[in-house]
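Two complexes are shown next, each including chain A; its partner changes from chain B in the first to chain C in the second.
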Partner chain A sequence: MSGPEKTQQNGATHKKEDSAGVFAMSLFAAGIGLYVSLFVGWLVLPELLYSKQHQPIDFNHAIHMEQVDGCTDCHVFRDDGTYAGAPTLSQCIDCHEDVQSVEPDPEDENYEDLMKQYKAEVKFVEEYVANDKEVPWLIYARQPDCVFFSHAAHLNSEKFKVLEDGKIGAPPVEFEDDEEPEDARCNMCHMAFIKGEAVPFGEAESLPVYEENRITTYSRDIWGRNFSGFNKHYYDSAKMDDCAQCHNDQRNEGKSKDACFVCHK
Partner chain B sequence: MTETQGHGNQEGHAPGSKFGMVIDLDKCTGCGACMVACMAENNVPTKPDETNKLDTITWMRVFKLSNGKAFPDAETCYLPRPCMHCGGKHDAGHSPCVSVCPATATDYSYKTGIVSQIYTRCFGCRYCMGACPYHARYFNWWDPKWPADMKNYLSPDVSVRMRGVVEKCSFCFHRYQRAMDLAYYEERELEENEYQTACTQACPAGAITFGDLNNEDHMVYKVTHEESEGDEILRGRTPFRLLEELETNPKVYYLSGRDWVVKAGNASVREEAKAVKDTGGHH
Partner chain C sequence: MKLNRRNFLLVSTAGAAGGAVGSMFSPLSWKLMDDSSVWSQNWPWTPVPLDGEVSFEETTCALCPGGCRVKVRKVDSRPVKLEGVDGGPVNDGGICILGLTALQLVYGPARVRTPLKRAGKRGEGKWVEITWDEAISDVSEKLAELKGAGQSKAVGCITNGAKGVTSALFARFMEAYGSPNHYWQATAWDSYEENIQRTLGLNGSAGFDLEKADYILSFGAGLLDGWGSPVRMFQAHSKWRENHDAHVTLVQIDAQLSNTAAKADKWLPINPGTEGAVAMAMAHVIISKNLYDRGYVNWSTTGFRDFFRTVQTEYAPEKVAKIACPVQKPEYVKKWTEELESRAIAFAKAEKPLALAGKGNGDRPVSQAELNAIQSLNALVGSINREEGGMVVIPDADKYPWPPVVLDADAKGYKPALVTTKGRTKYGASNLLSNLPKAINAQHGGLKALLVAGANPLYTLADTEETAAALQKIEYIVSFASQMDDTFTYADIILPDHIYLESTVDVPTPPGFAKPVYGLAKPVIDPVYKTKAMGDSIIEIAKAMGGTIAESFPWGGFGDAMEQAMNEKWNALDSDGVYVNEDFQPEKEGIRFRFFARAGMEDRISLQGSVEKYPLVITPCDTIRLSTGALADTPFMVKTVSDTKLKKRELVVQVNTMTAQQYGFKEGSQAILETPVAKATVLVHCSEEIAPGLVGVPRGLGHIAYDEFVGGKGTNYNTLISPVQDPATGFDVAWGIRAKLT
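The block that comes next holds the complex of A and B.
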């Protein structure tokens, strides 16, 4: 083989190697791009999308549950069967016209926690009770205007079953002597997401951070925390499909997802 | 805990309730109280020019019928027209509007027999309006506008509609929801007449009766079943539905003792077409 022919062959080989290298680099760059996109889409965007707000008063449900019989002692129903939602100032004043708790001693075992509770109560009495002003609670479960939800139906219907750990597809819980505690039903939908953990509201010692979608203005408790949309529990989110899923499983025994007018108005 | 039910097993699948209306045309004076009550109850906005019938929205609309004769034989009848909540053949839910909606923005409830309209799902193609033979559906050409103070009187039980969506009579379904709420709360069954539409309650002549067509004890059932004809409720009047020939199976029944009214209500599309043809297009 003559010199120039050999050089040509070598050149072609070099070109092939170059193009293979470019292809490999492109693939690598695309892979990095994909991971960056996924990272931004799944981890960064949710942080940017949701604003984080703290409740005006860091209410301690756990302490209050020791004083009352159940959720509906404070979250009352009106005489016409409608649900009143968050308690109003007039209900709280029954006990909190003045500050009830005593300022903790620095030598107390749980001084920091006790001080936090004490400060929350003082703030409540001084800012709201003294000024006869309603507390502007941020409602985690607030639904859009087009939604009708009957708390009475969910609390009293025989078809509503409390499932183990609120898990989708789990068997119903068998309560001793068929005595179902009231909050068992509430916990099927309402859980406090504190530091990534789902805690029954009645056991929560502080209120979770309220996260609001900056575009839709709906709470993250409605849209859920799992971006893939796959839920393990009924309380993971409360979108239309989630309600339809439960209605299909429980209310209609797997036969239908219900007519639109059941939950819309 | 109890399972709250209406007549005919609200919670189960069969047979379910079938809410319907009987309107006595011989009692209706055409006062329009039903229209006013409907608009106030359902947050229907008024327009600066309510005479523009292409733009106005009237879930319940009172039509004026005339026998076409000269005095002294001239007669007038007023016919209130809500949504007919058609069940289609065999009440299978194939209502004209439900069948054509590409967005499932309107559907048929087998538990109540009511045809829904979900405004947030509707994207305004208006196929349903074209399909409805009763012109019971209306399109929001504009965003609703209420005088400032009237906003305080809007019902929180009915969501307001934006421009670009279709709306229609819902048989005041939100009242059913409220009635069921109370029944669940009191752990009892829904009582007949506990759920009533606003037009029914507003009618000063008592021309409208609303109830479960599956409840054998209710007046609406008796009126709509042949074996009841001739009894003291009908008193010689004929029950009929609008355009029965189309087999839309409406849930609104009319009563009248006047033959020309019954004939007008049953106006045959074929006969109408023939009449138009015979008169060379002038009708």
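The block that comes next holds the complex of A and C.
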């Protein structure tokens, strides 16, 4: 075998090796690209997209529910039937003109929890009641202005109930005996997501961290905790599709688009 | 593997492809796409109405004398909308464009938000914010200083009319202070009051039962252009048109095809200023055809014989047509005369005819000669004090039952007012504000201080240059304006008034309403800025001055003075916001109408300027969309003005197509409109809706102050004209001025 032939063979071998190397490198690069993309998409973006904010007062729903006669005692419906949303200072002052609770005893076994509640009430009275200033609550369920939502219609509708298969809709199912139907309906949608657990708001002992979408300025609760948008429960999110799913089924057996105008007046 | 360019690109592409595939399996792109769409549907800079409890509160609109009951829709404490109250005695659910958009006066950029003191030169627009205490002491100290120096008569005061508790408090202040110089600007309704005194010997204002009249002769009254109580007029017009069986005829006798003329059954075009002569010609026809109400004329009038003779000899329609018919072609004149005759006959034959005066929106006085003639028509057909569909006299309200004014020696002494009156007027010189600038300019030091309360004389008085010169001569001007109006620019100190929604304001019987009605505006929102009701400000100034002036104001505040003034009406006003005297019966016993033989043509007002130099005549155009009084349009109203009146920032004048051709103008041509007192650049709108030789100029534009939405748009009609005094009263009755277009 002459020298040049050898060189040719060697050249072909090198070429093959080089192609394999390039392929392997490309595959690796593709893998890195895929990994980075997935990492950013699934783990980095959610952290970047949502700002975490704490409520001005760590309100304890559970303790208040023991004092009042259901959710609508504080989250009132006005005389004209419209829903008032978060209670105003004038409502809170009915009970909290002064600090109601007493400073807990350090010996108490629930000292930490009691102290937390006590501090929250002191803060509320000193910062807001004393200065006649409304509490700037961050609203988890705030919808855009283009959405009309009637709480009264949902609270009173026989159709708005949880079915045995976990979905919302007719036919109605019975509520548990010890549960007020209205409260049960409130808790159907308004769930507090605390440390990965979904707790009905009426039973929550503290308020969840409010995560605000930096682009839309709406709460993460609207899109849902699952970043993929695939939710398991009806209470996981409150996007248009969630409303449409039921409204389109209820009206004209899903054959009509007039469900749009139920919310977009 | 060699890291050459090719391999680098290959590997990078693979990495990018991997990233792209990965992005398909991560929510990144989908989520960002969704968020972007939500963001773009809710632009953060788009205002979103606040959510809150909706409530309605009723009050009475006090922006004009119309007396409409309105309700304000509030979300929590913020007012968001105004609408008419169903069953309101004047407006029954209706509201005008000014009333509807009044919230722009509350929140608009032209609102004066705190007391201010001038920092720079006049007109420079430099102000410093001061406290209310500083403002009250500044004014009271200055006024005390002038009084101490024996200069009490050198303090003047301008209010928006005579009626109402606020004006009465300012009048009381001037009396206690010792100055005779309290003025307001007369309107057509002041002319009517004068005429009622002259022809019927009564003290009262004119009311018209328009809803029940069946034949209406309107001598230039812009019934649908802001005349009387505008909402009531729109509703009356609707009622006339609703009933097809008993059709009400409206004849508009007017120099131009105004909105009212366009909606009338018949428009009889005339030369402006000949309304009185035309009325006399109609009287001629009625008398000649023996169609007048003999019962009324024989038993309830005086002076008919002389009137009869004058009318028959001097006011034959053919003779009047020579001055009044806008086109002097024999064929046209013949038709015009026939039309005049047939309308006069129909008027006299109607069951409930009514003749109306008051040019345009009625805020300009009418000469007594013209009113005498028009009222004579009402007398000839027995429309004065007729049971239904006639004219009634609403007697002046009793004086407020306040304790007497306490006067010191200075205030007791007689001092003549700065304005002298040749004619006799019911209110002395007080409603001759139009003559004040000339008086100030003629007498150096005539006024050293001026209180401007609810008026805007720099805008509303004819001949702006003369008014501005007069204001410059006054050392100390106090403005109580709620908006940065034109006069505000000359003020030295501002004590800003509330808007009526924040305040208690009484609204006396609206002009032209046929029953005594009293409205009360009550605060339906908390004051948005650091403003104060004018009534409270003047009471505080009086108290700060001490002595007899303070003693004359014994009330704790404006509310107390109001309650005492309203007397027996207070309970009804406090609970219902309105008081209607349903049992009202006009005084008829022994009341006789006096015919004036010299009516119509002899005292016809002649305009300034020579025909040779100024061959055209300016005539004003009024529309409900343009506010011509002390209060300017709201920004929204300006947006509704058509481009045949205002094009961008230029005034558009209306000229007959023939006249435009004669002077070489086309539609949209730019021209210089010149009068003996001023000139302005205008755009020409060619139209058949105005007689040849006339230039229709919209009123209500050309404010020099306010904000970018209202100010600097067009030219103020009043800058172009100069006042012409009515020999009988001294009122400014100029209905135009001679002009040329070049």
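The definition used in the following text is that the second predicted complex is superposed on the first by the 230 of 265 C-alpha atoms of A that agree within 3 Å, B and C clash if a C-alpha of one lies under 4 Å from a C-alpha of the other, contacts with A are read in each partner's own complex, and residues count from 1 in each chain.
Here is the rule we use: a contact is a pair of C-beta atoms (placed from the backbone, for glycine too) under 8 Å apart; a residue touches a chain by one contact, two chains touch by 3 or more.
The structure presented is a predicted model; accordingly, all values stated were derived computationally and were not measured.
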* Would you check which partner chain A:229 touches, where first means chain B only, second means chain C only, and both and neither mean what they say? => second
* Asked: What is the contact status of A:136 with respect to chain B (first) and chain C (second): first, second, both, or neither?
  -> neither
* To do: Examine A:45 and indicate which partner it touches, taking first as chain B and second as chain C; both and neither are also allowed.
  => second
* To do: Please indicate which partner A:145 is in contact with in the superposed arrangement: first for chain B, second for chain C, both, or neither.
  => both
* To do: Quick one: classify A:26 as touching chain B (first), chain C (second), both or neither.
  => second
* Scan A:37 for contacts with chain B and chain C and give back first, second, both or neither. => second
* To do: Return the chain, chain B or chain C, that is in touch with more residues of chain A.
  => C
* Please indicate which partner A:156 is in contact with in the superposed arrangement: first for chain B, second for chain C, both, or neither. => first
* Asked: If you stack the two complexes on chain A, which partner ends up touching A:80: first (chain B), second (chain C), both, or neither?
  -> both
* Where on chain A do the contacts with chain B and the contacts with chain C coincide? -> 80, 82, 144-146
* Using the touch rule from the top, collect the residues of chain A that touch chain C in their complex. => 18, 21-22, 25-27, 29-38, 40-42, 45, 49, 78, 80, 82, 84-85, 144-146, 213, 215-218, 223, 227-229
* To do: Could you pull out which chain B residues touch chain A in their complex?
  => 1-4, 11, 13, 104, 106-112, 114, 116, 118-121, 157-160, 170, 173-174, 177-178, 180-187
* Touching chain B in the complex: which residues of chain A? -> 77, 80-82, 144-146, 148, 150, 152-153, 155-159, 251-252, 255-256, 259-262, 264-265
* Once bound in the complex, which stretches of chain C touch chain A? -> 1-2, 7, 10-23, 25-28, 30-32, 34-36, 38-39, 41-42, 44, 48-49, 51, 53-54
